[in-house]
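Consider the two complexes below, in which chain A is the common component and chain B and chain C are the respective partners.
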Partner chain A sequence: MNRSETTRSFTMATWLGWQVESNWTDPFLFAIYVIIKPLASAAILVVMYSIITGGAYESPLFPYIYLGNAFYTYVGAVMAGVSWAVIDDREHYKTLKYMYIAPINIPFYWLGRGVSRFLIGTVAVIVILTAGVLFLNVPLDLTQVNWGLFIVSLLLGVTMLAMMGLILASITLMVAHHFFLIGEAVAGALYLFSGAIFPLEVLPAWLRPIGYAMPITYWLELMRRSLIGDVAQAFPTLAQYSNLQLLGILLGLTVIFAVASVFTFRWCDYRARELGLIDRVSNY
Partner chain B sequence: MTHFAIETKDLSRIYKIRGNKKEKQIRKELVALENVNLTVERGELFGLLGPNGAGKTTLIKILTTLLAPTSGWARVAGYDVTQHPNLVRPRINMVSGGESSGYGLLTVRENLWMFSQFYGMPSKEANQRIVELLKMVGLEDRIHTKSSDLSTGLRQKMNIVRGFLTDPEVLFLDEPTLGLDVGAARDVRKLIRTWVDTSPLPSGEGKGEGRRTLLLTTHYMVEAEELCDRVAIINKGRVLACDTPANLKRNLQRDAIFEIETSPLNGLTSQILQDQPEVKKAALTDIEGGARLELILKEEAALASVINILTQKEIKVKRLTKREPTLEDVFMDLVGQKMEEVEKEEAPHAG
Partner chain C sequence: MQANPSLALSASQKVTGWRLFLKTIVARAYPRVIGQQREKSWIFFDIFLPMLGVAAYVYVYRAIGAPEEYVGFVVMGGAMTSFWMNVLWSMSSQLYWEKEQGNLALYIIAPNSMMAVLLGMAVGGLFATTLRAAVIIVAGSLMFNVTYAVASFTQLLLVFFLAMTALYGMGMMSASLFLLLSREAWHISNLAQEPIYLVSGFYFPIKSLNFWVAAAASIIPLTLGLDAMRQLIFPSGALLGFLSVKVEIAVLIVLCVLFLTAAKFLLDYMEKLAIREGRLTESRR
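Coming up: the complex of A and B.
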């Protein structure tokens, strides 16, 4: 692999992605949007929780749900961010064919395009966590955080999400415009199966294997444990696994998804050239 | 290294088209290219001339690695486009006319600079070249304008600059002046000719290595005639002729070519005229207040029989001109129809 080609594909795509995501309004409005949007979506969950439980914010279930929901922001942001670039370039800007004939590394280009949404997602997570600590008594004590576990889990998790995004981007190459929400649709579907807002035990037994096969489940558990360790461990889901075991499972699944993303990209790329799909715009 | 910038051998492309909902299982085949054999020398400005749907864009897509051929092979800058696309891409660039691609939120300079960076150009050099090229197409005063604020024509100019910016070994321009006004089209043609003529190596040196090559598709005859060193005439996926414009026309110089403006045709068809033994080809076009006949005759004397037919049908001759052959006549001679007639016939099937 040509290192300079890979580097410039990623860095320029990151630059482009940031311009596309942030350049549609003035910086002040953009900052407001970045702060208000995640707060509004977290507020919906908090209100629902409050109505159902009668405001039981002291229950360990609340930080479990709150943190799961906060970090799930990354799932939509990274997966949809990477796959959206394909639709955006092909259907909206009509530049995908020009990217394809340029001497760039296409997977790294797509990953770069997803970086801006990752950064915006990071701001969203920080905003949600800060609001939780300040206004909702989420028991997050920065002196008690297992920073080592947090950083390793975060990096591994983002890599895993990027690989899943690459698989979706490759599939997007093969589908028409009306699948433009494929990234967010998949992220939305996995929301129920990944233990983001309730332990997997709540699901019917025959649905639980989906959650256990998803690396997101292990990643969210690691994020909770690194931030509020004991509270998260009060739930039975994955309680039998140590942090190291969870990291091992996450690493293993990430490698599997990485290998799968390479093969999926190669196959979809080959088929797209065979079928002439790279510059085919959906006319409906 | 081969002295051909582009080489194709028995290149074919067949699209499989699925039927509508009722006929989902029925797959039709559309032959977009059929056994195309072409060679383009380094340093050549080569034209692909043909009506819409002739297969020009399909050929460009294959040569630029966007589309796999069904059979045959193609080499660009010495490399097989299927086997070594990663070696082809740094050496080429492409611009499609008639579209307004680009990132609307970026300025003209940012759009162009970004693409230069994807090709690994040093930033300073890229910025200098952006200014130079924008001046050449008269777009320098819009350098800091967001491309979404440009008209379609100006956006197309920006895209043309994008193609030239990276100074590729082989540049593909697919209908570059489509939709441009007369002045803008003239600027673009000038840029094309200048770019090819100012190759890094002087003409005739080093078997053409290092010289810029440009493949241009067009359905404008005048453009092909004015710009191209050689032209391939393509129709229904097949290359019908390939030579210099002068040589292509020379084959018709023994023939007599007439253009006649008449009153309305009173049921006269081109077939009636073509049934005359000395009439090679005849095309009729309705114009305001009458019709225009374009005739390729084996000899000038055959004009008498044509006039005779017109008289019998009570068609008045308003104007009669004898002229030199053009590429349009070459096309009509090869295909049997004028290019616009072919396009009209193909239009319902195009897609």
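Coming up: the complex of A and C.
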């Protein structure tokens, strides 16, 4: 693989993705746009929780819900961000065919397009966490955070999400514009099954195995444990696993998804070229 | 080959006035009702995505030990998200999509009323979305064992009719505002989802918010429509209601008149402005 081509594809796509995402308005309005949507999403859960519990934010369940929801921002941002690049380039800007004939590495180009959403998601996560600490007594003490576990889990998790995004992007290559909700649908389904905003025990027993098969379940648990330690470990869902075991599971699943993404891309790319789908425009 | 005389006659008949207005409504509603049913994946996503949200919020309420009627509140709210999504993406930003695809100029130069085009979009969208919302309510009620106790069918139907008229009137009004937008239209529609779910109480009683926040959110017809419907179909709904149903009906009537009138005036104004500034055919990607 040509390393410089790979790096160039990734960095150029990152810059392009940032321009596409941000230059439709002035920086001030863009900042509001980035912050309001995830904050509103978190506020819905906060209001629901406070109505029922009378504002019992000291309960371990509250940081469980709050942090899970905050870090889930990355799932929609990275996964849907990477796959959306295909629709955006093919149907909206009608440039996908030019990307294909340019001297770039397509998978790394798509991954680069997802970076801007990752950056936007990071801002949203920081704002949500700050609001939680300042106004809702989320027990997040920066001196008590397991930073090593946090950084390793975050990097591993984002890589895993990027690989899932690449799989979705490859599939998107094969389908018409009317499946443009595929990223949202997958992110929505995983929101339900990955224990992001409620412990998996709340799900019916026959649905729980889906949650245990999802790497996001283990990733969110690691993020919670790295930030609030014992509070997160109080929940029985993954209590029997140590941090190291959870990291091992996450790493294993990430490798599986990475291998799957390579094969999925190769197959979808081959079929899309065979069937002439690279420049297909459905015009709606 | 001889031409079919009846076809030749119908083609030569010129329809004008209110007949043209009605025909335009039917013509624009047709793709909304028939076309959308042809694309099966849209039906699936239109039902599946709100159902995912409904299920997630139901399980949150169960995790925190909420009374069962809150599950019903979520199912109702989830069904109503379909209408909000439809108004946002298929009413407000529709003229932006039409501009992107090059249809907008054709609408303007055709000898029909743009108001009729918007009404057709609203009628067709309302019909198609009602079918999807009904499926969400039925499926959600069966999945989560929601029980209903309707206090008054007449008031329930009236509230639904008024809320939808006002909501789609609002959609028609904002469609004219979106006429001037380009790329930002997509982002504005995207932004108007979660914040509106929050302030309009899609997943909790609006009464739980501060009075003035709830009062301000009442400008969105679904806020009071949803609150009134919850009061009318759940036994404890009246206790958790923001205002009395009669007051909410009165406010919804005012909103209907306000939005439909504003839609008419704004559309005329924005159309002229867009023509003057040459924005009908621009495509700032």
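As a working rule, the second predicted complex is superposed on the first by the 282 of 284 C-alpha atoms of A that agree within 3 Å, B and C clash if a C-alpha of one lies under 4 Å from a C-alpha of the other, contacts with A are read in each partner's own complex, and residues count from 1 in each chain.
Note that a residue touches a chain if its C-beta (ideal position, glycine included) is under 8 Å from a C-beta of that chain, and two chains touch if they have at least 3 such contacts.
Only a predicted model underlies this, so the values are computations on that prediction, with no experimental measurement involved.
Q: Using the superposition on chain A described above, determine whether A:4 touches chain B (first), chain C (second), both, or neither.
A: Only chain B; A:4 stays clear of chain C.
Q: For A:279, is the partner it touches chain B (first), chain C (second), both, or none of the two (neither)?
A: In the superposition, A:279 contacts chain B only.
Q: After superposition on the shared chain, which partner residues are touched by A:44: those of chain B (first), chain C (second), both, or neither?
A: A:44 sits against chain C, while chain B stays out of touch.
Q: Per the contact definition in the header, classify A:93: touching chain B only (first), chain C only (second), both, or neither.
A: both
Q: Chain A residues in contact: does chain B have more, or chain C?
A: If we count touched residues of chain A for both partners, the winner is C.
Q: Of the partners chain B and chain C, which touch A:242 in the superposed model: first, second, both, neither?
A: So A:242 meets neither chain B nor chain C here.
Q: Does the superposition put A:16 against chain B (first), chain C (second), both, or neither?
A: So A:16 only meets chain B here.
Q: By the touch definition at the top of the document, which applies to A:143: first (chain B), second (chain C), both, or neither?
A: After superposition on chain A, A:143 lies in contact with neither partner.
Q: Just to be sure I read the superposition right, which of the two partners does A:192 touch: chain B = first, chain C = second, or both, or neither?
A: Only chain C is touched by A:192; chain B is not.
Q: I'd like to know which partner A:25 touches here: chain B for first, chain C for second, both or neither.
A: second
Q: Check chain A for residues that touch chain B in one structure and chain C in the other, and list them.
A: Comparing the two interfaces on chain A, one with chain B and one with chain C, the shared residues are 24, 93.
Q: Which residues of chain A touch chain C in their complex?
A: 24-25, 33, 36-38, 40-41, 43-45, 47-53, 61, 65, 92-93, 178-179, 181, 184-185, 188-189, 191-192, 197-199, 202-203, 283-284
Q: Taking the touch rule as given, give the residues of chain A at its contact with chain B in the complex, in rising order.
A: 4-5, 8-9, 12, 15-16, 19-20, 23-24, 93-95, 97-104, 270, 273-274, 276, 278-279
Q: Would you mind writing out the residues of chain B in touch with chain A in their complex?
A: Touching chain A: residues 15, 61, 64-68, 86, 89-90, 92-94, 96, 99-106, 110, 114-115, 117-120, 162 of chain B.
Q: Going by the contact rule at the top, pick out the chain C residues touching chain A in the complex.
A: Per the stated touch rule, the residues are 39, 41-42, 45, 48-49, 52-53, 55-57, 59-66, 70, 101, 182-184, 187, 190-191, 193-195, 197-198, 202-205, 208-209, 285.
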